[in-house]
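These are the structures in question, set out in turn.
Here subunit A shows up in two complexes: once beside subunit B, once beside subunit C.
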Partner chain A sequence: MSVLRPLDKLPSLNTATILLVGTEDALLQQLADSMLKEDCASELKVHLAKSLPLPSSVNRPRIDLIVFVVNLHSKYSLQNTEESLHHVDASFFLGKVCFLATGAGRESHCSIHRHTVVRLAHSYQSPLLYCDLEKQGRGSCQAQLKRCCLQEPQLPIPR
Partner chain B sequence: MDSYDASESTPRQSTSSRPEDYFIGATFLQKRLESVRKQTSFIPTPPRRKIPHCSQLQEDVDPQKVAFLLHKQWTLYSLTPLYKFSYCNLKEYSRLLNAFIVAEKQKGLAVEVGEDLNIKVIFSTLLGIKGTQKDPEAFLVQILSKSQLPSENREGKVLWTGWFCCIFGDSVLETVSEDFTCLPLFLANGAESNTAIIGTWFQKTFDCYFSPLAINAFNLSWMAAMWTACKMDHYVATTEFLWSVPCSPQSLDISYAIHPEDAKALWDSVHKTPGEVTQEEVDLFMDCLYSHFHRHFKIHLSATRLIRVSTSVASAHTDGKIKVSLNNLVK
Partner chain C sequence: MDETVAEFIKRTILKITMNELITILKAWDFLSESQLQTINFRQRKESVVQHLVRLCEEKHASLNDAALLDIIYTQFHQHQKVWDVFQMSKGPGEDVDLFDIKQFKNSFKKILQRALKNSAQETKENAVWFESAWGNSNSQTCILTQTSRTPSSAPPARARTLWGQALTVASKHHQIVKMDLRSRYLDSLKAIVFKQYQTFETHNSTTPLQERNLGLDINMDSRIIHENIVEKERVQQITQETFGDYPQPQLEFAQYKLETKFKSDLNRSILAEREEPLRCLIKFSSPHLLEALKSLAPAGIADAPLSPLLTCIPNKRMNYFKIRDK
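The block that comes next holds the complex of A and B.
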């Protein structure tokens, strides 16, 4: 079983690669599209994955940031995230992992309590962002925050 | 004893460390608490709930009055505290509300002053429906149709019922000032139009605000676990769950019925600490159901949304409708 390690490949010049991990394809696609629309100093590549471990057969660049997308409406996405976290090397958690919780806006549809995700992010010492892609404009706000994460990869963002 | 009170205390606004705190997410008090929590970087612990034991208050409960609350579908609303509400003025309120309803219903029609609309409004208190002694008394509002024949003085048919209650509202009551009566839960049964008229009157008279209370999947799973946990002599209905699958264009509903004794057996194998229910136990209970379903149908129920839970004790729907079927007090 392959574990994602942060420094196992050489970095590509002037390029940042973000890996989005989540169960919902449409959501990840929307998030990736909104991120790519933003202007960025360096070139940005976004990879999408349903879960980890990633297939080792594909040639991919070094991953600079992993974003675990948890949909608060679906317990399945939380379980998927928890299982995927086991395939990430511990050194990734020094500022290269971020949790993104979506769907908090529709309280009536939530199957997971918000604090469950807060505890998860706290136990992995990684920042937790909230995002609501149903509302226009928020997606780009989150993309900007993620840009901050990328520019300072060693510093965890204070919550 | 436990079953009635447990089912009553679940859909409640309470800011103690209970999961239903997060029910009414947008209230002012909630926001205030959240900001305080953020400042102290509070890391929340998994919620646990005590199964309430309210033995001393049950002596006050009138079984007849309480019995009619059963087997009816109630629509839930959350209510802000009532300003200058007094339990001594109930007769006065009945009269005022009666006049208001009559006026509202006759709006736009050529009116003749008189008792055309044969309705009667009654306010009464419901003793004993509370969690602790500090909770304000619950009260009931009923609209009855008056008999057409003046010679018969019989009570007419109940057209609409609504009741206000507060159960285990300790932490909320601390923050509310003296002039306010805090009865955050309102349950209504009857025509929507009547609910709207009565809501308007209350809002005007007591400067409060009603909002429909939705029950999210997280809280429904807690209700399912707690109602399954109730010890019962015999079960009258199967335990049923209903999930809504989010897919376009039409949503798909999945219904899962379990024999209530099997559900109780499953709960007993999961439940560890007596007198208390923890988040882990609820999650494990639901996960067992999900994995069983997945084994047979290869469908991940955890990716869908729980919208309805129905047990022998009570049933609840995500739109804020509950029905209580069992009252051990009557025994």
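The block that comes next holds the complex of A and C.
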């Protein structure tokens, strides 16, 4: 059983790696695209995964930030996130995990109460962001993510 | 030409929109080219209608011709009605005769005319369209295609038994049974009923299948890495095996009537203690239901493989299900 650990690899030079975990591939793709469009001090790589654990056969760089994407319209999405959380080492939650809830704008389609996700984020001591790719400009969403990732580094990223 | 026929033609033409009018009149083939050319279609609609009715009078349009016009209108507007499907079958031990369409028409007409005053029919492609008792709420259109399956628009119960009997007797079948399949799209119904959906062509081509292969596209950006490629390929393969490569026939809904006992993971839930089955109706609706179901797993909204209750719809030729405990 592979569990993600934050410090089991050396950091890559001037690179930050973000892992997006969520069931809806199209959504993850959109987020990744908009994140990469922004200017960034260091090089940014984005990994997309449907769920954890990740396949162990791949050689991948150290992951600096995990974003769990929950679609409030889909109970399946929440269930997937809750199961994936078991595969993350506890030390990741010291600032390297973030929750992103989408679809809050369309109340009538929400089958998960916002409070559920708030409680989830609270119990894992991690920030919760809201994002609605249809309504908001994508800029605001990934700007928040950037702040999360780059302003709270556990090790200084050499320039 | 008597009053009722004139009135009937007038009402039918009034239903037709101006841009369809010429096409429908040409398909009707009752008024000649030269007669049609005398009409100024840019006038107000009432004047055009009056002119047309006058021309029909000159040509002594009969009730049959008027009914034919109505059938053609229905053919153009098939999507406005919801069609039921009936299946006729021979009794055990009877052979399947060669179907003599002329004999069928005559005998069918006679049987109907004994009971209902008005009926008319027309043959188009491989199907025979019938219409009866128009103009009031009892009107019904029925299409007989190939052998033994008949889509027909929903008639009231009394008329239905009459139709059913007439059809069965005229075509020398033993019985007629209503199938649990309904839709607005005749082509899709035909494709499902005759199992021809592997080569099914839709009129409006939806987005090509390749665009729905989310995540399997070669990514333009090499900074985005997909971790679950193997899983995605598995989902893609299962979807392909279940639904095939071809565009799906078009249905608008699937309805499941549950009469099963409530099962719960939680112990001692109030509902689980009920002895009687829980009655529940689940309806899935969509502009294009089968394509939507096909895209559920690739989009990550559901696990693959999907429940067989959803995937068996074209196979079992049903979209109304009753589910009981075994």
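The working rule: the second predicted complex is superposed on the first by the 143 of 159 C-alpha atoms of A that agree within 3 Å, B and C clash if a C-alpha of one lies under 4 Å from a C-alpha of the other, contacts with A are read in each partner's own complex, and residues count from 1 in each chain.
The rule is simple: a residue touches a chain if its C-beta (ideal position, glycine included) is under 8 Å from a C-beta of that chain, and two chains touch if they have at least 3 such contacts.
Source: prediction; values computed, not measured.
Placing subunit B and subunit C on a common subunit A by superposition gives a clash between them.
By the touch criterion stated above, A:12 is placed in contact with neither subunit B nor subunit C. By the touch criterion defined above, A:75 lies against subunit B but remains apart from subunit C after alignment on the C-alpha atoms of chain A.
In the superposition on chain A, contact of A:110 is made with subunit B only, not with subunit C.
Touched residues of subunit A, counted separately for subunit B and subunit C, are more numerous for C. Within the superposed three-chain model, A:33 lies in touch with subunit C and out of touch with subunit B [touch as defined at top].
Of the two partner chains placed by superposition, subunit B and subunit C are both touched by A:23. By the touch criterion defined above, A:119 reaches subunit B but does not reach subunit C. When both structures are laid over each other on chain A, subunit B collides with subunit C only at 278-286; the other stretches in 62-70, 278-286 or 314-322 stay clear.
According to the touch criterion, the shared surface of subunit A, contacted by subunit B in one complex and subunit C in the other, consists of residues 23, 74, 76. Interface of subunit A with subunit C (complex): residues 19, 22-26, 29, 32-33, 36, 43-51, 54-55, 58, 60, 74, 76.
Residues of subunit A that touch subunit B in their complex: 23, 73-77, 79, 107-115, 118-119, 122, 159. Subunit B makes touch with subunit A in their complex at residues 19, 22, 25-26, 41, 43-44, 46-47, 214-218, 221, 246, 279, 286, 290, 300, 302-306, 318. Of all the residues in subunit C, the ones that touch subunit A in their complex are 214-215, 221, 223-228, 230-232, 298-303.
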